[in-house]
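Several structures are given next for inspection.
The following pair of complexes shares a single chain, chain A, combined with chain B in the former and chain C in the latter.
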Partner chain A sequence: MEKMKLKMLYSDLKQDIDIIEKELEEALNSSSHLIYEASLHLLQAGGKRIRPVFVLISAKFGNYNIDKVKNVAVPLELIHSASLVHDDVIDNSDMRRGQHTVKAQWNNRVAMYTGDYIFARALEYVTKIENKKVHQILAHTMVEIVNGEIIQIEDKFRLNQNLKDYFRRIKRKTALLIESSCELGAIVGECDPKVVNNLKRYGYYVGMSYQIIDDILDFISTDKELGKPAGSDLLQGNITLPILLLQDHSEIKQFIERASQGTVTEQERLDMLEIVRKSDAIKKSMQISNQYLVKALKEVEALPNHPMKKKLRDVALFIGKRKF
Partner chain B sequence: MEKMKLKMLYSDLKQDIDIIEKELEEALNSSSHLIYEASLHLLQAGGKRIRPVFVLISAKFGNYNIDKVKNVAVPLELIHSASLVHDDVIDNSDMRRGQHTVKAQWNNRVAMYTGDYIFARALEYVTKIENKKVHQILAHTMVEIVNGEIIQIEDKFRLNQNLKDYFRRIKRKTALLIESSCELGAIVGECDPKVVNNLKRYGYYVGMSYQIIDDILDFISTDKELGKPAGSDLLQGNITLPILLLQDHSEIKQFIERASQGTVTEQERLDMLEIVRKSDAIKKSMQISNQYLVKALKEVEALPNHPMKKKLRDVALFIGKRKF
Partner chain C sequence: MDATYITERIEQLKTNIYNQLHHNTLLKYIEDAKLDEQQLFFLLLPYLNGENWDEDLNTSAVTIAIVHASLDEHDKIDEYEATNKEQQLTVLSGDFYSGRYYQLLAETGNILLIREISKGIAIRCEQQMRVYEKNKLTIREWIHYILTIETELIHKFYSFYEFEKYNNIMTNSLVLLRLQHELLNYQNGQVSTFIQMIQSSVNISESVEKVIAQEVDMLKDELSEYLHSSNLLKDDIKLYIKNQLALVQK
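Moving on to the complex of A and B:
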């Protein structure tokens, strides 16, 4: 239902999103039946295509040409998908968005090469673009995303970490790719450098907020809404914002200890959720998310007048209120 | 010792290989200590740097400029290293070149992200290159390498396969990257299109021969020479040329059956090696390798006069005789 709302939000972009959807499918064509099936499974499991949407909206601030825009929108979504399939191996996740992951449906090996394949296809797509700056931004984004993934492994179950560690992780995990989506959309739209920078920063702030809300939802949503058990992040050792705000809570400490040994019972998981939900950590986390959204909206105000400004505002506000 | 011989073979290129070696180390610099350590471990475990060597030699046929040449040599070696570390996960290998693999020293997850990181770094390096054709060749090479890796999974323990299946695999596994090394070296050296094509084909033929010999050595070398147990390829289900030539041998069939169930004893491994070594499959495989080398040498003859022609011949002949 929430997904429907989001779709309505950018219904006027639907035609171009459909073009990108078709290109994404074509990009995954492979001589191997196995890899084609696995990557198509991943792609069709969906996602909200928010990265392509940010590319499209940003490009509208300049000289919008879908044939050029798609050349950055498609590889950005591919890079996102590839990193998801590798993350599922790391997190040992069997479910994502209510569907079996590639690693669960096939195995870790297939998931690894499917990710590699999608990465490589993204690159091949990027070669269609002449602008060297675009290549540099994409390559740098990929390096940082992987750096972030490794940091996430290093930080797992680590109790002595602070907010800075968390922000460093979610920047690389989520904000950077949304930032790059906005920046690259603006660049292929040949926007003024100032506009490029406003949109880039907008993407960064929206991305930070988006991930914080994602991390909150992992505690307050139902298993059904999440398509996986609530509290999965913490079970896997990912210490997110609500938990960092409850760091001194002895029962949470014990839970993390037991989670790291893999000995958590179902009742303990439910108890942990209860503690988090009843605490003020959720409210405080929302406030921090909202601070990022306020910053995002300020960047929107700094943009020149354009019908798409309302869209950027709507997307930011939607993210602040989303429940999936 | 054999490694020494190869080093002598290109001793006059040593200065430039050292430059590339240094760049490779710098390229792996990471904000994560874990990833830096793991990727450096992989790099230092060595390898013969044959891909950079092919780039250097090929570029010498045109306007040789090490500052340009290194921009393709470094990413090619990085792509090779990244694919090795992912292969070790797939093959479940604990040893490579007599050293612990990243997957063994750390774990599969670290190995996966180390590979991703090195891939991403390779890309970042590539953005230094203006020539669009270079980007396209590199991206296409990566797509095909991954396609090959998936095919290798699909073909594992599969008895009903033919020589075409095998050649298709080793082309993607090895020949393509050597082909691209020669082609890209020639392109950054701004060689004539005809020279580029000769060098490209030379690389392809040499690469095919190189992999066939690798596959032979897995049966005829000692465990110590290999740095892992002889016959590992077959134990892991990789049906290579000598085995394809022994396809109708009932004991080999039984061995593959048992290997696929993971129930092979040490004595059975030794018996299998004995069968392969005593058969004519090794000799026939050598003949096929030599056919590729003859084709490689023909491409050398078609090149314009140049002191590097001797080097190309020497490298091809060395590969034909190598014992490690």
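Moving on to the complex of A and C:
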């Protein structure tokens, strides 16, 4: 249902999104049947394709040409996809988007080679663009995403972290790639530098909100909706916003202690979810997410008049209300 | 130029690479990147042999070594158990190195080399996947597998800068070194994935040891002949290679 709503939102971009989908598959073409199958495994399981969509919408503010724009939209989605394949090894996840992960379907090593292969194809694809700045932005983004993940592992089960630590982490983990999607879309669309900056900041704010909502959904959604047990983030030691807002809660502290030892029972997981859901941490987290969305909408207001402004607003509002 | 000079240049290259890959958190929990000195030597071979060399080439050589380090990190991941912190950070160190190589070439604007390296990585990954494919490969195909893994990226580097004339010596040397390494490990009771694959390809009457030893001898003969007859390499370089490969002087 939610995915339908999102698709409706993108409906007037459908023709170009279809081009992107086709290009994604073609970019991964390989003489190795296994690497092609493993690479497509996650890609064909769906996904919201929000990064390519942000590229397309941003480029519309300039000289839009899908043949140019796809040269960033395709690699950005591939980079996202490759990092998920590796993330599933790190998180030991068996399910994603309702189906087995590459590492579960085959093994960790296959997932490593598949991720590396997708990364390589992404970079090969983006070299169709000769603009050095595009590569500098993308390379910086890739390095920072990994830095964010390294910090996330170092911070696992560490409750004495503050909001600043969390925001810095989610900026790298999620917001940067969405920020870059908007910025690079605007650059290949040859937008005015001020427009590029507005779109870049919009992407950053929306990306921050997106990750906060993701972290909230991990607690309030059902196992079925998530495709994995609710509360998985905390079980793996990731201290997200709702938990940071509850960091003085004694039972949560005990839960984290037990999770770090890997001794949490199913009942304890359900009890933890109950505590988080009944607390005001979810409401406060939503408020923080909304503050980012308000900032995102201000950036939209600063953009020149264009039919795509409404689209940017709608996407931001959808992200704020999404349930998956 | 003597062996000491060559070793110093390799050490200098290593220092450059480690400077580019420095990461406090990674160094806190996992080992430094693994750098193969033989591969580094062949990256420097055109320079050591007197070819025109500048900062751009030096940066490119550093990036090729970084890509090797990145892919080698991912080879350390266990097939079924990668849940400890060290393994998790090893996944990320490979990704970090990969990002750093791209960042270095993006800074210098060497977009075309990024393309060539990316193609090389894709080819190498395809080969690495052969281990998990159901098709039975011949011994020759497994040798090609080793060849691609060891040399594909240096091939891309050579062809990008028109140093193809070094392909032959680089390819045969690196394949020989790898096979010698595999043979020694096998004789010491260690069975690598490559050995397992060779085992699945040999006839019942043949032994794995014999098959690899034959390949080693063949490559040694070829290399000895090449080093004896070729005018491409300086004498000091020839001597260095002979010593590294433990070739009998003809």
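Rule of thumb we're sticking to: the second predicted complex is superposed on the first by the 324 of 324 C-alpha atoms of A that agree within 3 Å, B and C clash if a C-alpha of one lies under 4 Å from a C-alpha of the other, contacts with A are read in each partner's own complex, and residues count from 1 in each chain.
The rule we apply is simple: a contact is a pair of C-beta atoms (placed from the backbone, for glycine too) under 8 Å apart; a residue touches a chain by one contact, two chains touch by 3 or more.
Computed from a predicted structure; not experimentally measured.
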Item to check | Simultaneous placement of chain C and chain B on chain A, clash or fit | outcome: clash
Checklist entry - Which partner does A:A104 reach: the first (chain B), the second (chain C), both, or neither? => result neither
Next on the checklist: Under the stated touch criterion, which partner chain does A:N147 make contact with: chain B (first), chain C (second), both, or neither?
Outcome noted: both
Checklist entry - Touching A:I275, do we find chain B (first), chain C (second), both, or neither? => result neither
Item to check | chain B/chain C common contact set on chain A | outcome: 30-32, 34-35, 86, 89-90, 108-110, 112-113, 115-117, 119-121, 123-124, 127, 130, 132, 135-136, 138-140, 142-143, 145-147, 149-151, 153-154
Next on the checklist: For a test of understanding, state which residues of chain A touch chain C in their complex under the given definition.
Outcome noted: 30-35, 38, 83, 86, 89-90, 92, 106-110, 112-117, 119-121, 123-124, 127, 129-130, 132, 135-136, 138-140, 142-143, 145-147, 149-151, 153-154
Item to check | In the complex with chain A, residue positions of chain C that touch it | outcome: 23, 25-26, 70-71, 74-75, 77-83, 85, 88-89, 91-92, 94-96, 98-100, 102-103, 105-107, 109, 111-112, 114-115, 117-119, 121-122, 125-126, 128-130, 132-133
Checklist entry - Where on chain B does chain A make contact in their complex? => result 30-32, 34-35, 86, 89-90, 108-110, 112-113, 115-117, 119-121, 123-124, 126-127, 130, 132, 135-136, 138-140, 142-143, 145-147, 149-151, 153-154
